[in-house]
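Multiple structures are listed underneath, in structure tokens.
First subunit A sits with subunit B, and in the next complex the same chain sits with subunit C.
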Partner chain A sequence: MTSLLTPILDVRNLTLAFGKMPVVNDLSFTVNQGETLAIVGESGSGKSMTSLAIMGLLPHIGGRVDSGSIEFKDEGKIHELTSLSDDDFRRIRGNDIAMIFQEPMTSLNPVFSIGSQITEALELHRGLKGAEAENEAARLLDLVRLPNAKAQLKRYPHQLSGGMRQRVMIAMAASCNPKLLIADEPTTALDVTIQAQVLQIIRDMQSELNTAVIFISHDMGVVAEMADDIIVMKRGDMIESNSAQEIILRPGTDYTRQLMAAVPKIGAMTGKSAPEKFDLIGQSEQAGSSGKPETAQQAEPTSKPDNKPFDNDDSPLVSLKKVTTHYPIRSGFWGKVRHRVHAAESISFDIYAGETVALVGESGSGKSTVGKTLQQLVTPAGGEILFRGQEMLSAPPEVRDRFKREIQYVFQDPYGSLNPRKTIKASLLEPMYHHGLVSDPARQVAELLESVQLPAEFASRYPHEFSGGQRQRICIARALACKPQLIIADEAVSALDVSVQAQVVNLLMDLQKERGLSYLFISHDMAVVERISHRVAVMYLGQIVEMGTRQQIFENPQHPYTQRLLSAVPMMDPLRKPQRPILDVEIPSPIRAIENPPLIHTYREINIGHIVAENLVLF
Partner chain B sequence: MPIVSYFIKRFLQAAFVVVVVSLLVAFAIRMTGDPAMMMLGESANITEADLHNIREQMGLNRPFLVQYWGFMSGLFSGDLGDSFFRGAIAPLIWQAMKATMLLAIISLGVSMLISLPLGIYAARHKNSWGDQCIRILSLTGLSFPNFWLGIMLMLLFSVTLKWLPVSGFSGASSLILPALTIGIILTASNLRIIRSAMLEVLNSQYVMVARAKGLSEHRVIYRHALRNSAITIITYLGLQFGALMGGLVVVELVFNWPGMGTLAIESIAQRDYPILQTVVTVLAMLIVFVNLLVDVAYVMLDPRIRLE
Partner chain C sequence: MRALFRFEFLAGLVLLTLVGGAVALSPWLFPDSGKTMDFLARLTPPFVNEAHWLGTDPMGRDILERVVVGGKISFIVGIFSALGAVTLGTVIGLLAGYYRGFWDSFLMRFADIQLALPFILLAITVIAIIGPGLDRIVILMIVAQWVQYARLVRASVLSLREAEYVQAAKSYGLPDRKIIFGHILPNAMGPLIILATLNVANNILLESSLTFLGLGIDPLTPSWGGMLADGRNYIQTAPWITIFPGLAIMFTVLGLNLLGDWLRDYLDPLGKTNT
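The block that comes next holds the complex of A and B.
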């Protein structure tokens, strides 16, 4: 089969460096026409450097090609990209080889319209002008299923959602029918459902234009959906290379097995009622365990019942009753409130001691607003919140301050949530001083760091010295510093590489077992949620559409939105590349005119503790 | 029509600032002493009747707000009345304003012509030899006091080399030294802001995307990057304008340039407060107007403001 394929890119013994520091060593691979080669590895493995080297853009970020060759084969002509002149390279770049970048939010120039950014490449490489270029741009936007293509051309990037911006990026990359498309983590910053759409668009484009694709990712789940061949990289070295099927079914190295074990697989928990830790082979926390990736280690039953049904006899730790939070939008000359963002609408659920309740939904579904309301970071417009039976919103300030201590928040971005000018010790002690909990600072800080499995010496260091995973552990330690009852983890593992993500999830579950903590786990990632939660509430457009125990939601999803979320999660099955219909409808806006409030869902209980919104219509 | 409402709001804000500033100026000038006393000077034999006559003549015995209203309506109708010692104010202000604006625009223009390409060069070749030199030059320029720099230039080119006139206003050649003095200081500060604004934009993802499209480096820099950094640069220039006006007063004095600064200093020395009040109010209005222009420029440059 291989003999029939036409190689289009040949990379031989490529070595890349940043100053004196080598970042890629002796890398060789071939990409064939119409095929997808995936380069997999964690942050710092050199995969993005490789893509920039192929684009000839490495010097712009201070890197260089030390040795080796990159041959691009185009209809019999062979271009050696490492020694191509700048002018010659510009004829290939954006034309024959195009690239999609990771961050759709920052990839488009904010001051130019979508149309002018697409036509720019068309004018440059294909010589199209004026109306002709504009029509072609509209056709390209149609190709990536952007609704109302003609009208979109006149819009600006800030008016588009992340998913729409990434579609524009793909349209731009496709504009000159590239022979090779490099996609560098194209869906990492996107919600799962949007990710599924974008992956499908790339696949469609590939089969239409017979483009070769280099797909760069840290996520084995996504790679398994896309790749024909896979290269696994670690710290600049290629450690494994084979067909996708072979690597996924019979990984040849421990590292690849680790990468795969860290990918949360939906359905891995079927039939189990209690949450379970990830089985991380060969990593510190699970040293010496068996090498089989598919077996999950059974968590020991905790003293608390893990699967609390609604009619529990204990009273809940937290009770939200019809909590509604709006953000006013002022407009017009006098700045009157004419519209509101209906971020959270009539939200009711309980969290019991020692329980993890997951709040899932896409960006803009209002799940973070619920967390922030519970943490008293925003004031709700209505409803009540009971904390250990006491109404929170009408409580006197000192009681509210105590609630702020007992409920702690871990934010998504571990880089932004630690003050860069404070030592770790100072960051950990700050909330403790506020709540008067400091007795022996040095010992307390050491204990906190140990509780998140970090060495006590880290206390005197500064945040920039740590990796994302370590920082998130520090943030968890800071939350623990106040001896909370409830921790709100708001996408707390979403910004981390999958393998690190699995470790942090395991840490959270260990802490829950030791300390009887409750979690409100806010996430868009169904597969992680399946691991960690006892109960799940699915949010859509500011309202809960379905809620139940983990098993009820994952094994018997009733609401179409829940089903859509579940089907969007990548399957690590090389024999089955899912085909998903591409929806060209975006989730409607939660912004409504004051006089036009949304319909509040009514629910039916289809099983004990399993409730579903009666209204099953999505858009 | 969000854009119309944006402009109306900005305009009303600017108008409000003008009212507050002009009131403060009018009030502060009256705090410095009795204008009638000042006008008559310090001779010993002033009678109460003389003072009364003067006050009557100048309208000084009217209530403060009535006087203020008379001043402001005069300002907008172009009838500024008479000064104490130098006749009608309007032509004086008009002449001085022309001289000052000529100097400001020439020095700002020259400074931008130098600092824009150098700043972009420094940002593109960060930490190179060229960048280091530009940064050192910029810091050197910033650390000169403007009056000292003016005097040094005058000593070198006018006194020693005798290439250029020492001072005053006698044709284009007399423009060179004052413009150079202000231009050097402006260039030094502009360089820094242009360099850092460009650096920030050049590191952004959309610049990398523009390069990945195969655009020429020239187009990447001057279309994709500059348009974005222009937002920062123009904000800074708007804020700088006040400082520029302040610097002009000093430099005009050094070179005896017949602009607003010289007029202000002269009228302080003569205690000719009607001129002083007009000069200060007009300069303040000019600064408010320039910042209003900056707001308009934002709207043209940044769709995020335009379409908010």
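The block that comes next holds the complex of A and C.
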């Protein structure tokens, strides 16, 4: 079967190093024309280093090729990329081998229009001039399904959304009909529905141009959707290599199985009414050196047979009633408010003790604003918030301060939410001192670290010494320090590698069981939400469009936006590569002129506790 | 553990101790404060006359004596003006950047206007109002220079206030005072220290310009900047008049810069600079 295929890139016994530290050992693989090879692994596995070596960009960041060869075959000619001169490489790079990077926000130059950046590539590599180059640029934007391509050429990067920018990057990569396209985590920074679009565009382009693709990702779900062959890497070593179908159906190593088990699979919870922990096989990233592994425990069936940890007869812990938050946009010389961002519009829901309510939606849907309003980080324009029956917004300052203890917030970015100049101990104690909860600092810090399965010795270290997963545990420990009743987890696991993400989700669920915590779990990831939540609210453009129990939302989604979110989640099914229709609708802007307020949804109840917006049109 | 005794620290400390120590001991070393003139030994080159080791100036005053005595004025002007401007500018920058709103706009527009005024014009106006003198010069420099610190700090605060750890501190109810001085200020210190140490040197020279214009101190009182100005006409025939006060300024500034670099690194738990 392989004999029919034309190999285009042949990597043999490649070893890469940074200084004395080897980052890739003895890696060999072949990429064939028109095929997709996926390289999968967690952060630090050497997958991006491999792609930079192929692009000849490794010396730029201080790495080098120690041994091995990279042969690029181009119409009978064979180029040995490891020994190519800079000048020769420049002819291949961009022309024959193109690359798409992870971060669409920074990979376009902000001071040039989209058009001039694409035509620059066309002039450089294909010798096109003037109107000719411009027409070709428009054709390329058409190829990546960017609506109204001609007009887009005049726009600047900041005027485009992340998904549109990534499409421009793909168009630029495609501009010279490359034989090989390297996509390094091209969708990691994007929302699910946008991710689905971008993946579809890469697939379409591949079949139109017969390009070979090296697809680098940490996400088995995405990889399963894209790849013909898969290489699994761990700390610089290739530990498995096979066809995608084989690896997904019959993974050959424990590590691959772990990677796959950690991917939240949508639909895995069908028929189950209570949340359930991830079933993690073995342990991939140690929580610390505590020797207290949190995995290897089978997902125990929830001890309580009753699937409602809360009783609707009880009064709710938190109750939001028509909460509305706007951000004013000032313009003109006098800074008059002429426009507002309608970040949250008439939001109403309850959270009961011991319950996890998930708020899902894409970037800009206003879900974080709801969390921040509840945490008193932003002041709402209207509505009321009841916390244990007491009105929060009109409460005296000392009561509001107490609410800031009883409600805690965990932020998304584990690298940004700890002060780099404070030790872990100081960071953990700060909220406790403020709320007068310190009795025996050393012991309390040790207990907190232990509760998030980190060793007590970590207390005297600084944040930069820890991995993302460890930092997020420290942030959770800081939230626990105040003995809260409600924790708002704002995309708290989104920035973590999948396997670490699964561990942190399990930790959150353990803590909930031990301490009877409630969570407001804010996320864009439907599959994680399906795992952790009791009830789900779907937000779109600042309003809730559908809300119900997890089963109601996932098994019987009613609103078209909910359905779209669910269908965009990658399926780990190699036999069925989804062909999704490309939706060119970007989410419209929530910025509105002050005299033009949005339509407030009305709801109908289609089942007990399951409400859907009457307006089913996405606008 | 971050190295307490790094090269920068030791070198900076030695330089400043040498210069500062000599200056501090000047009343005992040279009780007649560098005003004695030895007309028989005018323009003596250095290292030839045992009575005047570093030579003499056109009026026969001993260079060594004047360098040591003059250090007092230069130290006071350089260090106090920088300290005062840093303190004032930092507090204003922190508050303006953190609270934004009307006072931020007001103070920053005011700062823009002040930056547009030439320093000499400002100096003449201020000195005309408050009169000349050592303390007046320091006040003048603080008034003229707080602006750059305020702008620098405010720019850092604008990004730091959005940092998630600042949001986190707000979320658990930490009062603004502790957020501003406990979280934001330590993270905004790096560039501030560098700018302040560079400004010390500028202000030492500035003092001589002001004195030259008659806006500063009594022109007979020696200072490093004043000695540089005096020696300008003799730079080709008697360069030592300018070289030695110049070296004194250089050692002071170098010492401060080294200490500043060290302090910035010492305060940074990453243990190295990330600029």
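Odds and ends about this structure:
Following the convention adopted for this analysis, the second predicted complex is superposed on the first by the 591 of 619 C-alpha atoms of A that agree within 3 Å, B and C clash if a C-alpha of one lies under 4 Å from a C-alpha of the other, contacts with A are read in each partner's own complex, and residues count from 1 in each chain.
FYI, a contact is a pair of C-beta atoms (placed from the backbone, for glycine too) under 8 Å apart; a residue touches a chain by one contact, two chains touch by 3 or more.
Everything numeric here is computed off the predicted structure, so don't read it as measured data.
Superposition of the two structures on subunit A leads subunit B and subunit C into a clash. In the superposed model, A:430 lies in contact with subunit C only, and not with subunit B.
In the superposed pair of complexes, A:482 makes contact with subunit C only, with no contact to subunit B. The larger set of touched subunit A residues comes from B, when the choice is between subunit B and subunit C. Touch criterion met: A:159 reaches subunit B, while subunit C stays clear of it. Of the two partner chains, neither subunit B nor subunit C is touched by A:133.
Residue contacts after overlaying the shared chain place A:223 against neither subunit B nor subunit C.
In the superposed model, A:107 makes contact with subunit B only, not with subunit C. Overlap of the subunit B and subunit C interfaces on subunit A comprises no residues.
By the touch criterion stated above, subunit A contacts subunit C in their complex at residues 375-377, 401, 404-405, 408-409, 411-413, 416-421, 427, 430-431, 434-435, 462, 464, 475, 478, 482. Here subunit C touches subunit A in the complex through residues 163-165, 167-175, 178, 182-183, 186-187, 267-270, going by the rule given at the top. On the subunit B side of its complex with subunit A, the touching residues are 2, 5, 8-9, 204-206, 208-217, 224, 227-228, 231, 301-304, 307.
For subunit A in complex with subunit B, the touching residues are 55, 57, 60-61, 86, 89-95, 98-99, 101, 103, 106-113, 120-121, 124-125, 156, 158-159, 169, 172, 331-333.
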